[in-house]
Amino acid sequence: MHERRLGTWLFALGILLFPLIVHSNYLLSILIMIGFYSLVCNGLTMLMGYAGQISLGHAAFYGIGAYTTAYLSATHGWSPWLSIIAGAVISAFIAFIVGIPTFKLKGHYLALATLGFGVIVYTCFKEFTSITGGMNGFFGIPSIKLFAWEFSNDARFYYLIWTVVLLSLLFSQNIIHSRVGRALRSIEGSEAASDAVGIDIMRYKLQVFVYSAICASIAGSLYAHYVTFINPQAFDAMLSIYFLIMVITGGASSIWGAVIGSSVFVLLSELLKEVVPLVFSNAGGEFEIVFFGVLLVVMLIYMPNGLTAAWKKITGKWRTSTTLSPAAKGGGGR
Amino acid sequence: MKRNGQVLLTVEHITKQFGGVVAVNDVSFDVNKGEILAVIGPNGAGKTTLFNIVTGILAPSSGTVRFNGTDITGKKPYQIAQLGMTRTFQNLEVFTNMSVIENVMTGAHRNMKTSFLQAGLRVPSVKKEEKAVEEKAMRCLEKVGIAHLAYERAETLPYGNQRLLEIARAIAAEPALILLDEPMAGLNDEESRWLVEVILQLRKEGLTFVFVEHDMETVMAISDHIVVLDNGVKIGEGTPEEIYRNKAVVAAYLGEEETVC
Amino acid sequence: MEVFSQFIQLFFSGLTIGSIYALIAIGFVVTYNVTGVLNFAQGEFAMLGALTAISLSGAGLPLWAAISLAIAIVVLIGALFEKTAIYPARHSSGATLIIITIGVSFVFRGLAIFIWGTQPKSLRPFTANDPITIFQAVLLPQNLWAIAISLVGVFSMGYFFNKTYIGKAVSACVVNKFAARLMGIHPEKMSLIAISISAGLGALAGIVIAPISGASYNMGMMLGMKAFVAAVIGGLTNAPAAVVGAFLLGILESFAEGFWSAGLKDAISFALLLMMLFVKPNGLFAKATGKRV
Amino acid sequence: ACTSSQETSGKKEEAGGGGEIKIGAIFDTSGVAAPLGKGEMDTVQMLADQINEKGGINGKKIKLIAIDSKSDQNQAVLAMKKVIEQEKVVAVIGGTTSGNSLAMLPIAMKAQIPFISAASSKQINAPDDGAKRDWVFKVAQGDDVVMPKVLDFLTKKGWKKIAWLNVATSYGTSGHAEFQRLVKNYDLNVVIEDEFEATVNDAKAMLTRVKKENPDAIIVWGTVQETSVVVKNIRELGMNVPILGSNGLGSKQFIELAGDAANGVYFPAGKLPVIEQIPANDAQKEVITTYKKAFEEKFGYPASTFGGHAYDGFMMLTKAIEAKGTDPKAIKTFLENMKEFVGVTGIFKMSENDHNGLNTDSLVMIEIQNGQWKITE
Amino acid sequence: MLAVNNLHVYHGYLHVVKGISFQIQKGELLAIVGANGAGKSTLLGTLAGVYKAAEGTIELEGEDITPATMQTLVKKGICLVPERRQIFDSLSVKDNLLLGAYHRYRRDKKEIPRDVEQVLELFPRLKQMLDRPGGLLSGGEQQMLAIARGLMAKPKLIMLDEPSLGLAPLIVKDIMTILRKMCDELETTIILVEQNVKAALKVADRACVLSHGQISISGTAQELMNNETVQAAYFGKKQSNLVRESIS
């Protein structure tokens, strides 16, 4: 068994045991939030870290997932499972259509286009009031049921979201260690050269974009069923930027960066709520923002490639992002 | 002038303009199967531009390129590569974010089948294919002589080895034709001697080469046929002997009293 | 006739909005052009400039003195920002640097709440502000200030980067830092200067807007975002094109708002911009980039 | 995870322990809604301090679990979870904006903890879909209370052609929805309806369309900053029509920002802004004066109606605790049966069916004249 | 003029230059040859201030310049034409040339346009493409530009790292002639690193062979040309059992 599989299984075990050890619903809800973000960042890491394409618009897919499932399940009474899948299909379709012209753009133009896409979708959430409820928000989203089992409390929802996260991490990992993954990385390495070995760059960019959109969409759908109320404000450009922060602080060069980045982002802001008042009594939220900003800057100055890269460096396990180690191959060299 | 053999690549009346600059001007020639053809000429003659047109990176202003009987003018680079034509680059384009062997495995992309979904679900056929490709990549590395570096990060290789890596990547695609842009540049004599051997060996295995090179010793030593460009125009074509006797070529490129070898 | 005057009014509105975006976009471009950093904290300089100027003039300083002092202070803040956040991270990737500037913008915003609180504030107009009527459309002197200052900004920056020797040296830094050093250029010094100047330009922008729309601690985010859009439309390295981009964006927004709906204006203007980009994928003001294989 | 939480009372805890009452306070003290949320948070902290100084409620100190939800829905949800699940508060007050209140309330409902919202949307306590909100109370005048006041005022003045503009936030759009629902009952002609961004710099483009319609009056439904820009632009375009603002303008900041253009703007508000002009026999006079004075002395900036909402919510809560102890259910029942509570915002008459308990009497129409607030009828 | 004493340079843990000492006189042309990875570029880089010496000294006209930065060295008249050209891709050819004179810009504002003309005389090909972005030039043209830009600095000491790379034979000859001329007429000191050993030795006064970070052979160019080891290693025919007879 590959070493990387071992890590994944250990991680899965940790996830499984956590609620048995810790009983705080608040902590679980934090982990659930981390789960949503990890799912989004998982797709985004594939897009950014592996294919080297930036997106400032993934909050849009998160929102599309949330609103689709909300609309279908609450307004039309669909089963949430079906409506989540419908959301994913719609997101995939939109990603495909939008991706075709968008990925003709490069670098900053791509950033701009994805930002613009996010703004347009946000505006739709805001303006199509008959479906979305506009700025007033959409409430009464039902919770998810599996037979008689309702994912209504935090512990149950926790298992649901983290199962999905794990599956998607596994999927991503499989992608990375395959011809598709190499094709994606080759795009970041040199578009000219990947073209020259016969890689249809556009097609792979689109595939990974669609994949990341599906991840974001499912995360958004689950989020909607979890909080049961959504509002366009929760899907604005700032959220896309938060996703970006998570991916970069986690480290875009590893799929684990997605989980680590989201954890750091959520835990840091929660922790600051606890710690800042101890240092400055009577301090308001502004201090948390200041500290958050300072920590973010300091962290990135000392760990410019994110936490996973820094971790690998510390433990000396840094091998390249490659899959194949000479040891595992019984010494291929000469 | 008449060569025997089966034509693999035909370049017909290719012209390329960049604004006012005519980089390639009405150039035509054929490449036969199993041949080593050199394109030479002064700096800025249009050699790299010609390569870029043949491999689809640039669209010609006019003219056609035919490969293996199909018209590939205006096709995308990856489509052309999928038809069996790969290349190396004058300014090196290795995938610096991968290991050496992954670079080569990426080269084999066109002969693999795994789709996005299959890869994600890691169906059994994927595993099998991966294994086969890895072995193939290793063989390619052995051919160019850098198999011992297989698990290094590509960007840490010295310049010369990066050139060899590009060639290994190009042959991993099992192409019919390989284009090499100044393969010897920056190599020391020993390394370029090794590279010559590699090329000749591969030719024996049935590959066809077109290459650009300023190192006249190499050009004269290994090419079957030479095309000379100057200022975008083809000013001469023929066997090394013919080229060496061609006054225009000598004046434009080789220099009067230069003695080769 | 009525349609005509509405048209003029929309145009004026677009120019006003555009000039605001333009001033910040120039700072964006100046920073990018020299350091290669996409500074998402650029809008915060506008916020800091505006609020500082308001405080200073509230403390009794004459307007012009308050403005100059505020700009000077923000320039210093910019320099500090470069020294503490950009310089130590100068070897990092572009994405990392972006996140660093976002982190800094959080810090600025938090500090601003701490210093000025959350309530919006306003500054008095630079000169008497009686509306000027042209074909029944009105234009305010303060808006003219905004437009004029942004035009001066464009021309001076355009001149500086394209016509002066030192301007070329400055842009050389981002093109190839190593080669710039080989020529004897100090990229670090240039980066400090560029970011300080950008901060000053941002502050000026904020101060010009303060009498038009008020100033508050969170004004920087939206302005920074719009300036980013304008700068990208202009190709990021070209100050005059960024300004054209800013005016284009302002006018698109204004007409979208005037003819359709204010709620949809962002979406409409973005949709139009994207459409243009899809037709011209190398930017609306494409210049040869100097990249080939 | 068990680090001690923020203790705002500023006093050392009673050594014996066992004597504290935890109350959650979740407001937006940063982010777009901060101009409202800051005053709300300061108010509850001030009140908690005051009560604790006097020895607490029935000998127990109040421990305020104060969290800034940063004008962000996720932050609000997490904060709500935290105060309920981890801190085990007896009740929560908060939700500066309608959006955040709506996002937080399902958690309170599920946990069966009373939640007092300071936001205004009608959906918070009496949703259109008729869903139950039995654990949710609201202390700001809802749109359903404010809007009739405005419409009545229009009718009284005889302005018929009306232009409606609202800010594109949950506050603005829920106002709009209520306006659309109610306007049918009035003899008014709405000539144009549109919305603008909270970050607006120049609204002239939109206003050119308004100008074309030549309305008798313009309603601008938004909070301080964006409304000031729109109002200034209306005047700059030379439109000398009456302007009606929302109940979000009850802060001096508006006059400062809009300058001369503020003159001639009418808006509905609680009595706090104009308390000097309220006759001494008004039942609310004393409460408001005391609150205003204490607040302004302590924080050095003007008290606002928003802080007033927080004041009312917090005082009701302490009353309930004083009477019924810390059982959430008992608190809820007590609040539901609060027959008359004289607060800063108005005189609340709660019932099982009305978790807002306010009516139009709590509002006055204010006109700005020469930069001053004047009651007008 | 330049004296290098017991120089050691590391790349991380890799000991690349291992105790090199040599001297050059004013107006002298020193050629350095050696295998790939021998440390030639590293040596030049250290002299230009790109890398830091771990040990040893570098003296320029009697002054110790070992710890100086690239920028101060440029001011003192040391110029490096680096490996891989390092031109400014998006700036025009003309701007590239102008920036070559950056360090003396304030001093000789007037002369610079004339110098541009002069340098262009040496590379007539560049004349036709003054306004083209440098990155769009062909490989060889870029190499010419890099050399021309180096000359614009009017340095006392110019170091060229494989200037012949990618250049057509005729141009290589021209460049070598120019370099020789610079030594003779302008008294410029030159250090030339070359893979094209024959061409380099033809013009050099002195030469040394670098292997594994140390100078293994040194002497006058003539001596090296006749040295058997050098002949064997660098003038060997490209022969192998596979190479067929070549003409000439």
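Chains here go by letter, A, B, C, D and E, matching the order in which they are written, and residues are numbered from 1 within each.
Simple rule for what comes next: a residue touches a chain if its C-beta (ideal position, glycine included) is under 8 Å from a C-beta of that chain, and two chains touch if they have at least 3 such contacts.
Everything numeric here is computed off the predicted structure, so don't read it as measured data.
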Review point. Which chains does chain C share as contact partners with chain D?
Key: A
**Study point:** Chain-contact steps, minimal, separating chain E from chain C
**Key:** 1
Check your understanding: Which chain's centre, taken as the mean of its Cα atoms, is farthest from the centre of chain C?
Key -> B
Practice item. For chain A and chain E, let me know how many angstrom lie between their CA-based centres, rounded off. Key: 50
Check your understanding: If you average the Cα atoms of chain B and of chain D to get two centres, how far apart are those centres in Å?
Key -> 73
Review point. Measuring from the mean C-alpha position of chain A to the mean C-alpha position of chain C, what distance in angstrom results?
Key: 31
Point to revise | Centroid spacing, where centroids are CA-atom means, of chain B and chain E in whole angstrom | key: 29
Revision key, fill the gap. Among all residues of chain E, those touching at least two other chains are 132, 136
**Study point:** Residue numbers of chain A (touch at least two other chains)
**Key:** 126, 192, 284-286, 288-289
Check your understanding: Of all the residues in chain C, which ones touch at least 2 other chains?
Key -> 109-110, 113, 263, 266, 292-293
Check your understanding: In the complex formed with chain A, which residues of chain B make contact?
Key -> 55-57, 76-79, 81-82, 86-87, 89, 93-99, 101-102, 105-107, 109-110, 112, 114-116, 119-122, 126, 129-130, 133-134, 138, 142, 147-151, 153, 166, 169-170, 172-173
Revision key, fill the gap. Per the touch rule above, chain E residues touching chain C in the complex are 48, 50, 70-71, 74-75, 79-80, 82, 86-91, 95, 98-100, 102-103, 105, 132-136, 149, 153
Point to revise | Residues of chain C defined as touching chain A within the complex | key: 38, 85, 88-89, 91-93, 95-96, 98-100, 102-111, 113-114, 221, 225, 228-229, 232-233, 236, 263-264, 266-267, 270-271, 273-274, 277-278, 281-283, 293
**Study point:** chain A - residues contacting chain C, complex
**Key:** 48, 54, 101-102, 104-106, 108-109, 111-113, 115-117, 119-120, 123-124, 126-127, 192, 237-238, 241, 244-245, 248-249, 252, 284-290, 292-297, 300-301, 304-306
Review point. What residues of chain A sit close enough to touch chain D in their complex?
Key: 22, 24-27, 29-30, 33, 126, 129, 134-137, 139-140, 152, 154, 227-231, 233-234, 269-270, 273-275, 277-278, 281-282, 284-286, 288-289
